[in-house]
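In the two assemblies presented below, chain A is common to both, partnered first by chain B and then by chain C.
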Partner chain A sequence: MAEKSTPLLAVLQLLRKYNLKGTEEILRKEASLGDAEFVNLDLPDVEIASILTAHHTESDPYSYESAYDALKKFIDSSLDIYKYELSTLLYPVFVHMYLGLVLYDHTEHALNLVEKFGPEQEDYYQDDLKRLSTVTKKDQIKGNNIAEIYSMNKFVVQLSRDASSQLKRFIHEQKTPSIILNIINNHIQLEVHDGPGRTQAQVRATAGGILGEAVKNENKTKVYYGLLKEPDIQMLTAPTEDEEEEETPDKPKKKKPKKDYNFVRKPKSDPNAPPNDRIPLPELKEAEKIEKGKALREASKRVQLGPDALPSICFYTLLNSANNAICADICDDSTMLAVGFQNSSVKVWTLTPNRLRGMKSAEKLQDIDKEAGDVLVRIMEERDRDTNRTLYGHSGPVYRVGFDPYKTLLLSCSEDSTIRLWSLQLWTCLVVYRGHTWAVWDVRWSPHGHYFASAGHDRAARLWATDHHQPLRIFAGHLADVDCILFHPNSNYIATGSSDRTVRLWDCLTGTQVRIMTGHKSPIFTLSFSACGRWLASAGTEIIIWDLGSGLPAAVLGAARLSAPTHALVFSRDNTVLASGCLDCTIKLWDFGSISEEATSEEAESNTMLQKDEKYLLRSFPTKNSPITSLHFTRRNLLLAVGTYEGSS
Partner chain B sequence: MSDSDFAYSTSLSMDSIKVIAESVGIAVLADDAAEELANDVTYRLKVIVQDAMKFMHHSKRQKLSISDIDHTLKLKSIEPQYGFIQSDSLPFRFASGGGREVYFTEEKEIDLSEILSAAPPKIPLDVSVRAHWLSVDGVQPTVPENPPPLSKEAQKLESVDPISKLNKPANKDAAGKPMCGKAARLKASESVHVKQLATHELSVEQQLYYKEITEACVGSDEGRRAEALQSLACDPGLHEMLPRMCTFISEGVKVNVVQNNLALLIYLMRMVKALLDNQSLYLEKYLHELIPSVATCIVSRQLCMRPEMDNHWALRDFAARLMSQICKTFNTSTNNLQTRVTRLFAKALQCPSQTNDESGVGPSMNTNMKESEKTPLASLYGAIQGLAELGPEVVKVFILPRVRWLGERLEGALSGAGGADRLAAGNLKHQLLKVLAPVVRQLRQPPDVYKMNTH
Partner chain C sequence: MTEKNEKSKTNTQTKHLPKDAQVIMAIMKDIGITDYEPRVVNQLLEFTYRYVTTVLDDARVFANHAKKKSIDLDDVRLGVQLQLEKNFTTPPPREVLLEIARGKNVNPLPTIKPHCGLRLPPDRYCLSGCNYRLKALAKKTVTKPTNIVTTPTIKTVTSKHGTPQQNVVVKRQPGPVTNISKPGSVPPKPVLKFTATSKVVAKPAVRVTSGPGPTHVTPVKMEIDTESAKKRKREDDDYDT
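Let's turn to the complex of A and B:
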């Protein structure tokens, strides 16, 4: 027995693992495998187990095809109430058959299998399948992203109790049940739930994750999605108010007569709100209090939006930057715009006639009386400076920039695996946060400042505080790149979206995962929390709105139409309109008011409410060949959009 | 690519590997080595491209760039490829020979000394931010920064196939006026499609714009006129006002031809030119108004008060150019535009001998003949100019056979007494020489060359 058959090697590896030297030697002698010939398979344990249990079918690669065919026939002929749930089983079985064939060096048969049954798999698995089908040799499995994900984790399939007993009967009736039985035993986690089988729409709503659906039990933890009690800040009737209005020319020229007079802060006792001290938040500084007061005053002048009162949109076009500008952010009071570039620089523009000023030099600062009331004004340079400033420091494309809530700091993250904190008073880099091993895709501030969160190619999200150079928490669990991250408005939770097509919610206090939500059919590029904190919108090529209470999707928007990915998503400040900006150069406005209303009123049958996106689309505004990079609602509900002009084509 | 024609297992061919091996100096590569290499390289390439897609997505692009590949190589701890910087896509060229087919990218050798001695290239423009209103209270203003509300394709479709508009449901995507509550409800309850009578309601702003533009175009202030024409030529979203504009032009031409107001006719033709130049407009529906107006400005017997003094020839030339532009843009096999226009001009040149030779000469033909005998020289000039603008082939077929007859008329006019006539004849002669010379030269060229060779 000269050839090194896979099961033999697997046995060797097993022996070696349990340190059974004598047996190993005997086996080697008998199989006439010299030391030199020994190739370590270097496979994960699950794979070895499946090899050992399945080795007798190895001789017959044809049985795979017929076994898959039989399974398909059984599912097709089963009753409709079981059919759709059972059909979710096909894909994982198919994947592991393919991997099995590759493992036993039956490359030809593996390719036949994928050519024959690949095209009939669900459309959202096609991308994965294309990636998986590049693996054609057993030594490629180790080190390949997607093959490792499949072989190291169990695919979750949810079945009703009846459906699972149907399946059991089918497997027992088979003449050679071992292939499918082995795959189900080793690679698939069957979640049996009581109650009737689900319909096609219900199955489709939550299917799509790289490892199937989320397990219901994982979403049992209570999430405090309510908002924090706002610290009491008097509505300072500053005398500067009138003057300030003239300084903001970007606001709509004519004031709407309809003002939201009965604007009040949230009722004091929200049952869903976490206690204010659940996460330690920094004390507000004097300047920050003033800023908060300003925000409240602005908010009282907010325009009420709705299907009949659409927001005005001011579009900022970045000229001469085709293929160079990557990301943009507008600070909370809409006075500054920051843009991150492919060439590693970050630029900040002022959007008001007020120019960007720096702090005085150290010698001059010494002369200033620290007790003076207007010390904050005095420390700034008197002469007006530029309308834009450039920050250099990164050594790779800048994928996200973000202003802190009080617009004194700026965060940026880059391909060079660092996050940088910039001062908008000194206009220099203050801190470089190192921790991620690869490119950092996203970084976001906590709405209360001080904390920020980052996500990257290393499949982990990290929670940081500005005064620590190491992360406070590392959230690991995603199976692929974490593409986007966002703080919950109450700063207690962090949401992440990933290329593994799941959205997860993490608790900042405990560092654990409290929600895992599946249903996306494509990688997720952006997230947005509604102003009330209960809803989370996430977008890849489609937009899904999730109810954080249950962890289930409340609505799927634009699944059919959006072919280009959406990279910008924002809720209006009064929670009535959701705006999305797409790479196909359109801004779409969705009627979120009625989405949330219907989702809450028909909660019992919420899943049937999906896919009616046509009626939720209020309007779509095309731009002139400018893909949208960022969207922002001002405190008065004016929508600001940023895009780069790509030239006439 | 649809699922059916997607192949899951594409790979580099052994041949390509052998070609590559040759290019690095390995003359003979064994087949199994080549196959092993092909498989391995295919796998690695695919994995790299898959990862590069991530960088592309995060750069918010839909096109993979070279920098994405570089970043992926860095991710995989492979030295990136230096010196491959290309902002656009790199076209592959194809070559075959010796039974082999290769695709390659063209790389030109660059002479460094040339670059050093050349003037430094211009510094690229710095990135700048520009703000505009994409929407005001849910309505998209029609400013140059916004895309035209109705794309040219849609306008074209509408003029070619008007039914398509009725079949479409209320189009929410296209920006226009949002339907107010009541109108929307009415629309929803209506089950019968009634063709709307007044589809061209103009908003107050549009009415003001129309008034401003038309006044500026025919007013006396040259600066304002330039601005107005610029606006007509560049602004998107004028299609709603097109019917009014075209009527304005056609009525204006009718009135001013009678009054012989040369200046106004010129201004109106410049408006036509501006509308033709506007990229966002599709004028086909309005040609029935524009073509007669333009034709009038080409062949009318009198366009100005003092034909002997004013330069109405320039207007005829300009209008003839417009006509040829219209013909080129809108000629289709269904409307036969160019044929009809050519026939129109050719009729003016018809000479008696030709019509007599043709069979079936009716009384109407006879009157035609009489008329063309009397065609004023100015109209003749216009007709010839109109034909000349349509190309040398037209000149050859329609003007060349009439040269003798034209010559006779010119002789008569040049020797005649009328000062205006003599001037016109002089102009006509000059123009004929200019138009015919290149055509005749082309016709005569082959024998000349032949002679030169035999000598």
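Let's turn to the complex of A and C:
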């Protein structure tokens, strides 16, 4: 293809993509492009985008630097109320200037630009910049992830109306307006909002996403963040319990002194709760009802936590597994611990004196009395008991293990792109779920069982059910791999955190994204929903608590202090304390009760950011050289932590 | 002074390193990696050599196919592309993912049928099939009447040298139908008679009778190998001769 006609061919292909046949014909005739070149049109999208924009913005490379300088000076000299919003414009302009120069083979100018203005960009963009600066030629743009992301998608910048009018005036005043104007027109999406310009704190709170902030419309869908109406569970009266447990927990208990989120049941439904049949959920079987009854009974004996009553912490240290143990999980009633290892094995330990029993062989099972009351105990082989069991099957490091809510199954996901379902009675693998083509970083059960969700390197998260060998939903939209995933307590929504520094909330029913939350300055490693379902906490190097109703951050914890990433995050069972475990070997307790109170009381005011994390940090517990792998609150609000002893390094 | 000595020492050490290793170290410095074990350089070198030789090999194949005398730039390009598609694949592009997701998310979530026990996918997607195991010695059990006329299985036993050679022939006649697992039934037991001869070839003399055998129920081992010759002898002792 001749160099001259490449832009025209790109236009032709674009017209064909949009099915504008008439226009295509006319263009073909006028530009006298023969039919012979008809078949060669399969330029990848990236190249088309770059060709078309490059055609627009080719201008003197020397002027790029001066244009950027001028923009910077204008922003610095503008009023404070506009300055911080406008300064979010600097980074995308810089990136697209660089890409434009590279596209036109002005490599030295591009390098000069990076040298001069690169270090001035925000520190959370420095990593991306480093990766972007390895692109020095036009052909390399296609292979580089970051460059592709920037050339294919628009960067979102939110400005107040006054700020945007200031910006327009500045651009029109420029002698060479073309560069910046073209960049803004083609690559940046300016969202104008009514209201005063935001303060530096407010801007900083939502900055950091790889493509800027969220578009306002994206966070407008109604999210049902309430909890489902729990079915009637006739709690079995244990012999030593008193009369409080005889009623079903559905009715609000006025004589109960504690006001737990579990037990507050309004006779009329919560407007924010989804209907029970919004997504199909499994009915409870007999054994599961018994488990649930037990859970509710234990919940009633829960210790109330608060700033004056901090939880006790029981720490399980894994020895001799410094580079080996990757993930750990404790089942809901805190009787078993599972650990996933680098050598692709999974080990399950029992945390109580009850040993792990295997099931009887088939011949023996024929002989047992099926009508007996304790048939579930009789099917287990008395002689086959052990304190720990090892499960082999994966062919790569196991990145996450998870117990199902009823303690019969265990899920594990691994670098070998499979998810395995193990039986905790037979101690063998039951199913291998294949669907991801790359490493699977996280897999989690739904709180009601039956569904599970996985997140992988292929930038998509999937929803599965145990009885389907293929995923039911695919959640695509992240720009980098999805690092962590979590079900909402009502099983209707899934939250994902990714290396593109955004947290997204997806609807299980439709598979669409309902919330996108930016503000993290680092990849996100772990998520946790509050017990009431309204708040989502996500942690990377700082912890941000999001209000799911609006999609805005309610609090940012630990931004200044934490230098090591947080890999474990859990809310207490009564929503008062948030515990976080860091790689710098500390467990920190935060006062979530006051955070939620302040956030709900300030609901009338918009855009107030809470930054002072000093008053929310209750205590910090350091360990000796054991980074925290996992945290778990028992039903009675005792905090269990699992970590591997690293030794002196 | 000592610092200068140390610096010059490391300089001379790096000078002794081959040029390729120095290139790798320069690349690492460029990207910004300063802290690495020395074996990393070796591993990267190995990878580089392997990659380049693979690409050039493929390029030579392409050049030969195109009947060219020497490798051309296009051949190398093709070779690189081949490697890229085979070994250095990347996750699918975003549009493809969005398309697939759109197609998949349209289907409603399947209803959950009431079911006892674990909800698992259809059996062929599970690992819950019967396990097969090989047993060291196959045991033949008579389980149903067969219309097979006597299927004589003749096996010869050659014991180790030193012991007199014995040719044992077992002839089995499926007699009345019996299931060995049923207690109380007496399977037909072959009665063996063997003659010990000193010659290599001996005429086998076999007498098979069906009748009440020994009381214990043991299936007859039909597979005889040299190691079990001794066992065979033991069993034969149980029989009436």
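The criterion applied here is as follows: the second predicted complex is superposed on the first by the 552 of 649 C-alpha atoms of A that agree within 3 Å, B and C clash if a C-alpha of one lies under 4 Å from a C-alpha of the other, contacts with A are read in each partner's own complex, and residues count from 1 in each chain.
Assume contacts are C-beta pairs under 8 Å (C-beta built on N, C-alpha and C of every residue); 3 or more make two chains touch, one makes a residue touch a chain.
Because the structure is predicted, anything quoted here is derived from the model rather than measured.
Undergrad: Using the superposition on chain A, tell me whether chain B and chain C clash or fit.
TA: Superposition check on chain A flags a clash between chain B and chain C.
Undergrad: With the two complexes superposed on chain A, say which partner A:I474 touches: chain B (first), chain C (second), both, or neither.
TA: In the superposition, A:I474 contacts chain C only.
Undergrad: On the A-aligned overlay, A:Q342 touches which partner chain: chain B = first, chain C = second, or both, or neither?
TA: Once the two structures are laid over each other on A, A:Q342 reaches chain B alone.
Undergrad: In the superposed arrangement, does A:W438 touch chain B (first), chain C (second), both or neither?
TA: both
Undergrad: After the superposition on A, what does A:N324 contact: first (chain B), second (chain C), both or neither?
TA: Once the two structures are laid over each other on A, A:N324 reaches chain B alone.
Undergrad: Residues of chain A touched: more by chain B or chain C?
TA: Tallying touched residues of chain A, the top partner is B.
Undergrad: Identify the partner contact of A:K130: answer first if only chain B is touched, second if only chain C is, both if each is, neither if none is.
TA: In the superposed model, A:K130 contacts both chain B and chain C.
Undergrad: Considering only touches as defined above, state whether A:H457 meets chain B (first), chain C (second), both or neither.
TA: Touch partners of A:H457: chain B and chain C.
Undergrad: Pick one for A:H109: touches chain B only (first), chain C only (second), both, or neither.
TA: neither
Undergrad: Looking only at the overlay on chain A, choose which of 21-29, 57-65 or 129-137 in chain C hits chain B.
TA: That would be 21-29, the one stretch with clashes.
Undergrad: Per the definitions at the top, what is the overlap between the chain A residues touching chain B and those touching chain C?
TA: 130, 134, 145, 438, 457, 481
Undergrad: List the residues on chain A that touch chain B in their complex, please.
TA: Contacts found on chain A: 111, 114-115, 118-119, 123, 126, 129-131, 133-137, 140, 144-145, 250, 252, 308-321, 323-327, 337, 339, 341-342, 347, 349, 351, 388, 396-397, 399, 415, 438-439, 441, 457, 481, 483, 499, 523, 525, 564-565, 567, 583, 587, 617, 619-625, 627, 629, 639, 641.
Undergrad: Which part of chain A faces chain C closely enough to touch in the complex?
TA: 45, 130, 134, 145, 152, 279-283, 285, 408-409, 421, 423, 428-432, 437-438, 450, 457-460, 465-469, 471-477, 479, 481, 508-512
Undergrad: With touch defined as at the start, can you tell me which chain B residues reach chain A in the complex?
TA: 3-4, 6-9, 39, 42-43, 46-47, 50, 54-55, 57-62, 65, 67, 71, 75, 87, 124-138, 140, 145-147, 172-173, 175, 178, 180-181
Undergrad: For chain C, which residues count as touching chain A in their complex?
TA: 31-32, 90-95, 97-98, 100-101, 104-105, 107, 109-112, 114, 116, 118-122, 125-128
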